[in-house]
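There are two complexes below, and they share subunit A, which is joined by subunit B in the first and by subunit C in the second.
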Partner chain A sequence: MSVAVPQILNKALEPFLIIVGSLTVSMVLFGIFVASAGADPFEVYQTMYRAAFGTSFSWQNTLVRAAPLMLTALCTALPGYLGLIIIGGEGAVVMGGLFAAIVALTMPTAPPIVVLTTMALAGMVAGGVWLMIGGALRHYRAVNETISSLLLNYIAIALLNHLVTSTFRDPESLNHPSTHHIGEANMIGVIPGTDLHWGLVFGIVACVIAWFLMHHTVFGFASRIAGGNVRAAQVAGLPVGRLILTICCVAGAAGGLAGMLEVAAIHGRANDTLNANYGYAGILVAFVARNNPLAIIPVAVLLGGIRASSGLLQRAHELPDATVLVMQGIIFLVILFSETLYGRFAKLQKQGAS
Partner chain B sequence: MTDGAPPDLQALGITKRFGPLVALKDVNFHLRSGQFHALLGENGAGKSTLVKCIMGYYHPDEGKIVLDQQAVTIHSPRDAQTFGIGMVYQQFTLIPNMTVLENLVISKAKLDPVINWQQEEHQLTQFMDTMPFKVSLSARVSSLAAGEKQKVEILKQLALRNRILILDEPTSVLTPQEADEVLGHLRAMTLAQQVSVLIITHKLREVAAFADEVTVLRKGQFVGSGNVSELNVSQMAEMMVGSEVTARPKQRTVLSKKVPKLVLQDIRVKDDIGVEVVRGLHLTIHEGEIVGVAGVSGNGQRELVEILSGQRQTTSGTIHVQDQPFQPTREQIMRHKIFCLPEEPLQNTCVGRMTVAENLAFRNFDREPHAVGGWLISHPALRRSAFELIERYNIKPPYPDTPIQSLSGGNIQRAVLARELSAEVEILIIANPCFGLDFLAMEEIRLQIVAARNRGTAVLLVSEDLDEIMELSDRTVVMFNGQLVYETTSSGADLAIIGRHMTGHTT
Partner chain C sequence: MEVGWWGVLIAVLGGAIRIGTPFLFVSLGECLTEKSGRINLGLEGTLVMGAMTGYAISLHSGSPWLGVLCAGLAGMVLGVLHSWICSFQRVNDIAVGIAMMLFGTGLAFFLGKPYIQPSAPRLPSIDLGGWSDIPQLQAALQINALFLVGIVVAVVLGWMLKNTAWGLKVRVVGESADAARALGLPVDRIRIMSTAMGEFLAGIGGSYLSLYYPFNWSEGLSSGQGLMAVALVIFARWQPIGCLWVSLLWGGAAALGPSLQSVGVTGGYYIFNAIPYIMTLAMMIITCSPKRTLVGVPRELTMTR
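On to the complex of A and B.
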């Protein structure tokens, strides 16, 4: 047993060091970028810190952005356990938000709690079915799930734009086509004592449930076998197709819930603001967290902070709005590169541990 | 070929550590000019490490490599080539969709920016003429049989003007006939003083038939070396495993009544590219019986195993298990207790990055006590069961939390056997169970298979090793061209007749 302990430590240490290392490299690269844009990188980082985590107001700003990221990250992380690379979180958010808004509009007299519950269910079903299409294409027709889920995003956005400019259009939303408002009474409230809506709680709870599902249940165990080696899963007689469909559905439901929260907590109606790149940023969060649902929580907060600092960067350093997207992109590339480093330091660690 | 005798290679006092693990300790080894030398040892004895130190993959912590009485430092395999040392690996390194000519040309250390194919072909044709065996230069590698590919691998090393050839288990992918042919050619070339050969092997028969000298390693240490002519097979086996191998008799109990357990009727299966490779196969296996399927690989045996293990669909035909139609779903597998030990267990039935404990639970993670209430995995229960199996089946290292891919081949095989035999088994499907295993592990695994049979399990054993089939099975069938073409009881088996059917000569 005395040997097993450092092994476990090493197992946790390697991803930690690699991720901290890649974040550092990303910061250096981004620093060079802002310096070339004429700003002092150290001041920029100071500003970013202030804007993201400096005050309780900025914390709230960060957390509001982190909440949907936690949910959309699950869209990529959960199928990742089955070895699938699904990038359809954006589509799940859009479909979830759209259908949540539509069902809310069909029940004008119901009490808010019923409306919200139905909205959440509708959003989750819509998002779940949406990603399940990608899973089904993969399993039954061997269509690459990455491509199909990406393309499904565009179809979802097109469907949203079509419906909010036609059937479900609120005539008063003149230059910004939207559905009717779901009604102030049906808006989800804030966590008492804060300005934060309940979405954050949903996000954290969803991540914890997802982690528990994958690591402590029979379903998660079977999924990890199928994701690790499909031939081994066949020998064990596991229903690989059903696992793929189920996990895509659960993943899509998380995205759909994010969409429902955007509608019920922020916008009050479904329109093209649903398509705010939370789905794509979620892919980044899942990658950085190496698909571990618990690691998604802090990573989502970090990325939420980066996105929250965008406004202040613009004002304080006259950097364009897209600057934070550059940082996001740099992190993404560096993290992708760092995937190649796993296992390279094994020797070093073994010597260090002995 | 180049002139003069091949160089004399010595490894003196080689020690190699990996962290706390001492893989090689003060090992001496001498490959004389023009010698056919065999390196024997169990899995994990350090054979590969020693060879990798010679090839420059690893740098020994202590000791030196001496080439023609001069100490040399070999930094990399490319460096080894400049000293005339080349290696043939266990797996093929040829590019399948290129021709033999293209494969030989691209292996050169330095390629001209523009390749003059005519000139290369001319040179290699001349080179081929000096070789004792030939392979068509224009043949596409993917169309060659395993034996031919192995020849190309060897020709590749010779074309690079290497004078010392190191071969890592060169015959593990070959049929016995192919193996004898390839080794015979190598033998002839050493006799002609064209090359020196060092082979790593488990097969004592090959050592006895072809090698001049043998060096034995055990647990990273030099045990001894000697001329093959002065040693017999049991002495070599003893040096390898450390004690006289007790040829434990495989006790067989004979069951009074013959109850059919597995019945295959008119099975037809297609391979990955849609060619029908099993063509109307009929087979019945009874309780307490081992049926060995002999045959040259590629006659549909792999696909036969895959349909029973659930990795492939039949195109037609029926499978009945205990008089009921069988589909390899988890529910039916568990109900009929039909378990499977396919070849290459790490690739076929394990998840490399999951732990040993998790891999051991693939059959029963969804039942008590591993699954509390049928849905909640109890990790402590998984570890407890794993400890028990690790001890019972002597799996090393004995840590349930290590990823299974870090175990050696023999230990992975043991782990899979432990998993498949841990519960009551009615039907056991086995393919090449001892592929690449050392003597001791092989013996253990065969004993376990016979023990299962004696408990009443029906066993289907598909193997490319005819000796293994003869040793284990009650009944032997020969598979050729997707059908069973011959059947005999093992007691009345005539190897010559079996051999004829394996190769399709049935006059």
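On to the complex of A and C.
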């Protein structure tokens, strides 16, 4: 074994190999699972591929689902650089969508470009402030950020439900309490030549910016030091508190933008459809991508594909729609398990070199 | 007899017990797991899995109590999986918990599809309100035996953690894995057992949801009770008996909105529903401090480092 390990097995290749290996193991485990449920695993995978990536229509279906996941994954991935586990993406999406819709309704005569810009800003501020609460509580009160961001999710959903059933309710939305529609003219259009709305572009750009911020700026460098060793960062004079607040704010802004896009590109109003579990799925994406913003893009597309295939799986193989949930759970568990493998290849590498 | 605003108080009292019981079980389970030095965020998955298992077994066997037992066992299996994965180096228990939540709910929805329609036998309740002729009070004092079981478990667990060799071992492992290893204690095995037993309790909590209140099996059954366990245990200061009071407080706070609605206060329904979450967050803000660690916190917990 030791002779065959080449020198190129470096820092970038190791995670790649481990993740591809984990995905393969997950596919085998999930195959066994569907086989025990009475379906042919090979046919199931064929169906999933067809439904997720087989045609241009299914690609679009996948990418529409991937776009918000890229943004909500950043909610967990960026604080991850500081060693924080934030699971408040759902709350950031809800607050972002809610406040984006509210500001749009206050400016009925403004031109669409102004409305949309203001909506995006409002959504990002709302989401950013919301996650920043979690960061601030962590830094100033030592409140565990995982628990507080989780509680903030429920509080955000309650606030949304309260406002769309009272102050901002459109009286015509009888069965499904919502705000007024932001107006067709203010809706974000599609990318020319496709049925895809611009959300995908926002998602990719946000991931690239986040990657640049964390890997090629002093700010990112400082954050990574603080994430590695808080004590060392404090000794070096780094403003740990400000780093925590800023990162949580940027992360929440990404989630808020996802909420704004849900309103401006899909629903046209804020209502409880904002609470569509994109925040929780984003946690999965962030973990699989090991918090790397560039890796988030393909992982979000993959997960978007898995989620897009749920309908066809149900029709073609009579598998319940929860099948894709089981698959996500298996992938997630195997990937987390694979964390323990890191560094073992490096040992092989040293043996091979000596 | 006109009960009026007294009705709100009675309804809150009844709600405290009715809504609080599943919280009592998940928080006791989480308490035991955390005492051994691990956080388990996966109890939400266990709760849903327990609800499904309990309902299905009760339907097939005709015995709801067998359902409760099997719900606990299903939880135990998930607990062993969680703690086995966590026993490897560098695996983060919080992340595994989130994965287990996804896996457990997914599995429960997958297996539970056929049980959404049929009606399973319900867990019986005990009437403690027979002495009163106020119907609201009678309803509030219709208590499920599982609540009483929960009280017994809380007392016994608290006593065992404090006074038995087994409890001491769990606490040593939770305080310092290194010290435990130096004493020759099998750290991983103790954690696996504590997590499995904790999940057994959480599974029972789930069966309460499907077999007593709200008494059905559907995909929207749980509203995050399992996730809240972690917050409740902080609130309870890692004391089993504290879990009892905190669960009752949570149940009462959650019952406030619907009770007020019954006397005509309809505004702010959703805000009232958020009260337990706001209350927990406020409690954490008040009690946590960057200058000292919390009283009673097991030092091996990742969240305190």
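What we mean here is this: the second predicted complex is superposed on the first by the 340 of 354 C-alpha atoms of A that agree within 3 Å, B and C clash if a C-alpha of one lies under 4 Å from a C-alpha of the other, contacts with A are read in each partner's own complex, and residues count from 1 in each chain.
Criterion: a contact is a pair of C-beta atoms (placed from the backbone, for glycine too) under 8 Å apart; a residue touches a chain by one contact, two chains touch by 3 or more.
Just so we're clear, the structure is a prediction, and the values are computed from it rather than from any experiment.
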{"item": "First, second, both or neither for A:201, with subunit B first and subunit C second", "value": "neither"}
{"item": "Touched partner set for A:229, first subunit B, second subunit C, both or neither", "value": "first"}
{"item": "Which of subunit B and subunit C A:35 touches, first, second, both or neither", "value": "neither"}
{"item": "Subunit B versus subunit C as contact partner of A:325, first or second or both or neither", "value": "second"}
{"item": "Partner chain(s) touched by A:221 [first = subunit B, second = subunit C, both, neither]", "value": "first"}
{"item": "Which partner, subunit B or subunit C, touches more subunit A residues", "value": "C"}
{"item": "Which of subunit B and subunit C A:238 touches, first, second, both or neither", "value": "first"}
{"item": "First (subunit B), second (subunit C), both or neither touched by A:151", "value": "second"}
{"item": "Contacts of A:114 with subunit B and subunit C, given as first, second, both or neither", "value": "neither"}
{"item": "List of subunit A residues in touch with subunit C within their complex", "value": "37, 85, 87, 137, 139-144, 146-148, 150-152, 154-155, 158-159, 161-162, 165-166, 280, 283-284, 287, 320-330, 332-333, 336-337, 339-340, 342"}
{"item": "Residues on subunit C engaged by subunit A in the complex (per definition of touch)", "value": "41, 81, 85, 88-92, 94-96, 98-100, 102-110, 113, 219, 224, 227, 230-231, 234, 267-271, 273-274, 277-278, 280-281, 284-285, 288-290, 303"}
{"item": "Residue ranges of subunit B touching subunit A (in the complex, touch as defined)", "value": "18-20, 309-311, 328-334, 340, 342, 347-354, 358, 361-363, 365-366, 371, 374-377, 379, 397, 399, 401-402"}
{"item": "Of subunit A, residues touching subunit B in the complex", "value": "3-4, 7-8, 215-222, 224-225, 228-229, 231-232, 234-239, 347, 350-351, 353-354"}
